[in-house]
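Shared chain: chain A. Partners: chain B in the first complex, chain C in the second.
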Partner chain A sequence: MTFKYKNVYINETALVTGPYEKKGPLESYFDKSYSDLYFGGNTWEGAESKLIEESVNILLSKLNKTKFDIDVHVSGDLLNQLVSSNYASSRLGIPYLGVYNACATSVEGLIVGANMVEAKQVKNCVVSVSSHNNAAEKQFRYPVEYGGPKPKTTTFTTTGGASCYLSYNKTGIKIESSTIGKVVDMGIKDAYHMGAVMAPAACETLYEHLKETKRKVDYYDLILTGDLGVYGKEIFKEYLKDEYNIEIKNYDDTGTMIYDLNKQPVYAGGSGPACAPLVTFGYIFNQMKKNKLNKVLLIATGALLSTTMVNEKYSIPAIAHAISLEVIE
Partner chain B sequence: MTFKYKNVYINETALVTGPYEKKGPLESYFDKSYSDLYFGGNTWEGAESKLIEESVNILLSKLNKTKFDIDVHVSGDLLNQLVSSNYASSRLGIPYLGVYNACATSVEGLIVGANMVEAKQVKNCVVSVSSHNNAAEKQFRYPVEYGGPKPKTTTFTTTGGASCYLSYNKTGIKIESSTIGKVVDMGIKDAYHMGAVMAPAACETLYEHLKETKRKVDYYDLILTGDLGVYGKEIFKEYLKDEYNIEIKNYDDTGTMIYDLNKQPVYAGGSGPACAPLVTFGYIFNQMKKNKLNKVLLIATGALLSTTMVNEKYSIPAIAHAISLEVIE
Partner chain C sequence: MEKSKYNEIVKKHTPKEDRLFNAMISFLTGGIMGVIGEILLHVYSYYFDIPTTEASTFMIVTLIFIGCLFTCFGFFDKWVGFAKAGLFVPITGFAHAMMSAALDFRKEGFVTGIGASMLKLSGSVIIFGVVSAYAFGLVRLIIFGG
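For the complex of A and B:
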């Protein structure tokens, strides 16, 4: 399902990260980065929640607005029951819609928000996501204190909070169109190879998007997935060629961009709902504002992983949503 | 945040339940009820997922449509990562948005769907929710096999799947307006008294709705909360009077309607995202179609409960969303 937009813009963004992202190559594009992972609190969940709250507060401060100026807050995260978003929302006090499609939540939120702005049902909308490495490890795998070794196909959950402000005011970056994806399940049960789980969903959504907009891949200066990682990226390119007969060159994956893969111990790259917006709203928007890139398609990919279902021997489904971002003419 | 709609209708609904609901007073309003809790599968999560899949398939069959006719499926449930919705979606193959606001998910989904239909961004939308007693007990409390006793303020998670079809075709029940609520945290930490946790959020959303629509409570023939239960219902009425100076008489709670509270062992009544739509789409819509009720406000209430946060001594936040339902003139 593809939507075309005439009047939706990402006017402003705010990005807060943890220490691993701070040590990565994109540090200068973040608004704030912490050197530890607690951020002054005493739980991982509380820390992650602070990432959302703080990114919204920095956003409001950049816009010279208060929470009373915001019509709706659309937010989601990886934690069970979306507690990072819920507890941030409890402190923020803005009408709130919780959304969840794993690491595709970032673009899912943008689509829900963009639809309301385009229809002028709201005059603005703040969209947020967060992820926190230790909170995610504790919930989905093992507490990091165990120090268990992992296969190289594993990705490393980004610690970050990303918020953006959408309105029909023509400043910033235009949201030109979007595509809601379908759930794809290839029967994979390996919870340490999310790139393989998600790559086919990314291909399916890209194919649908191109078909429904009658475009070729070269319409875009850059197509980004977020986040397949080093191995998933190769699977994506191969699967796209084999299944859909599409060759892609103008392509990168935000999971391979946020860290220095040669120096940082992040396995196959970054993941988590925050990764794609940290890279896109930071570095990519900067490139767009300098006109080095004009048209970018971001495909956020989510592995709908559940420890319960994995333990019960179900395979892992995946989904991907796409959003077309353009420099304002 | 309140939206007014001119052209959104719930054309059709489909309701599937488990055995407890079948034994309750509203059985005749359900499309299908199972006598066991596995539904032919072998996990509670798989069973719950079947409730969504089956309710969508019954809905499509009633409409004489296939999945290819549906633009978007908005769905959510109580299970971690929304696995009930995700795995159903994997089998259904309809573009999918996962939403989560605990037991307020039903109305949250309706709002997201109604906004897209009103703006004619989609020609139709299916909105689903599910809950499953044993899946919820296992995840949030203890496996039911333990047989642990509970306080009387506990509510009993409904087993059911509810789906509805929204479009701008003028048949069925009109969605007249909706209000997105804010997260309210009153500092309550008792995970066995959700009615107390959620009642203030329901009051806040009702107050906002009345203020933004310039209405009094008697504008509605019936105001429904879903689900506060026996004790939460009293707290709601008292808190509404004390804090907002609103006296309410035309009021009921779907948690107290779905079971026979005198005969069934359901503590303070039903809960779970499925409860409110099972009662509303079934019995209440029937009353509306007979013109016994013309204007109904449904306030779905969600306790944003997380076992992790409760164990870490955080209080439990809550949210409520409202939707105004009208008989077509």
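For the complex of A and C:
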């Protein structure tokens, strides 16, 4: 399912991160970085909701607007019942839609927001996502201080909050089209190999997007997946070639870009809903504004993981949504 | 594409874990743990005049205490990450698993947090430890008469 947009623009973005991202190569593109994981609060869950609240507040101050100027806030995260988004929204007081597609939430939110702006149902929309390493570890894996050995294919959940402001004012980056993906399940049951879980979903969405827009893969200057990690990236390329006969060169993965993979102990790279927007809204938008990149396709991939279902021996389904971003001519 | 064929692609791009290296590290660190335990045992029985059977209890309690303390200081997880089975198979691992879960859930309250979730990881060790002790005890009783 592909939508085309005539008049939707990402006017402004705001990025807040934790300490690990601060030590990574993209530090200069973030608006604010904390050096601990509590951000002055008591709990990790509270800290994660602060990431969303703070990124929205920074966004509003950059735009010189108040919360009363915002028509709708679309937000999502990884925690059960979307607590980070819900608690941030209870403090923000903006009409709110909570969305969940694991690490594909960012693009899901952008599609929901862009469709409302395009249909002129709203004047503007703020889209947010967050993830927090310790909160995610606590919920999905082992206790944080346990630190047991993990396989090399494990990804490291990014700590960050990303917000962006969508409207039909022609500034910033244009949202040109988007494709809603299907849930794909290739029978992978390994919760420590998310790249393998998500790669087929990313291929499927890319193929559908190219088919429905009648484009070739080299139409884009860069195709980004977020976030398959080092090994998922290779699986993506090979599966894309074998199954859809598409050779891809202009390709990268946000999970491998946000950290210094040689120096930081992040295994196969970054993950989490915040990973793709932290890289895209910061570094990639910067490159686009400098005209080094003109057309970028962001495919956010989410492993729809439930620890209960994995324990009950079900395989892990995955989803990917794509959004085409262009420099305004 | 068939799931089995996809599995082959996944397998091809999945790195091998360094099993031999990990086993060596675990063997060495686990051995060092054994040596430390033995030293403690001797210290307790020679210098404090504690009978050897009781000294072993003292030794275990000491190691559990140190495991818990180091977990709370926040660096034991890095040691476990390095030493792997060398640290989490001995008694220190049990203490560490319990304490790290307690640390994670301490903000959720004494009863609903620490009490309910402290044995999240180590609960299985207790349950299957008791079950296997019972099973092996029974085998010993039947074969060797106790």
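Everything below uses one rule, namely that the second predicted complex is superposed on the first by the 329 of 329 C-alpha atoms of A that agree within 3 Å, B and C clash if a C-alpha of one lies under 4 Å from a C-alpha of the other, contacts with A are read in each partner's own complex, and residues count from 1 in each chain.
By definition in this document, a contact is a pair of C-beta atoms (placed from the backbone, for glycine too) under 8 Å apart; a residue touches a chain by one contact, two chains touch by 3 or more.
What you are looking at is a predicted structure, and each value in this text was computed from that prediction instead of being measured.
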Partner chain(s) touched by A:Tyr231 [first = chain B, second = chain C, both, neither]: second
Touching partner for A:Thr43 - first (chain B), second (chain C), both, neither: both
Contacts of A:Ala119 with chain B and chain C, given as first, second, both or neither: first
Which of chain B and chain C A:Tyr142 touches, first, second, both or neither: second
Touching partner for A:Gln287 - first (chain B), second (chain C), both, neither: neither
Between chain B and chain C, more extensive residue contact with chain A: B
Touched partner set for A:Tyr96, first chain B, second chain C, both or neither: first
Chain B versus chain C as contact partner of A:Pro200, first or second or both or neither: second
Chain B versus chain C as contact partner of A:Asn7, first or second or both or neither: neither
On chain A, positions contacted by chain B and by chain C: 43
Parts of chain A lying in touch with chain C, wherever the complex brings them together: 42-43, 138, 142-149, 151-153, 186-188, 193, 196, 200, 231, 234-235, 238-239, 242-243
Contact set on chain C toward chain A in their complex: 1, 3, 5-7, 9-10, 12-15, 17, 22, 71, 74, 76-78, 80-81, 84, 88, 96-97, 99-101, 103-104, 107, 120-121
Chain B - residues contacting chain A, complex: 1, 3, 43, 45-46, 71-72, 76, 79-83, 86-87, 89-90, 93-102, 108, 111-112, 115-116, 118-119, 121-122, 139, 180-185, 304-309, 312, 314, 317, 319
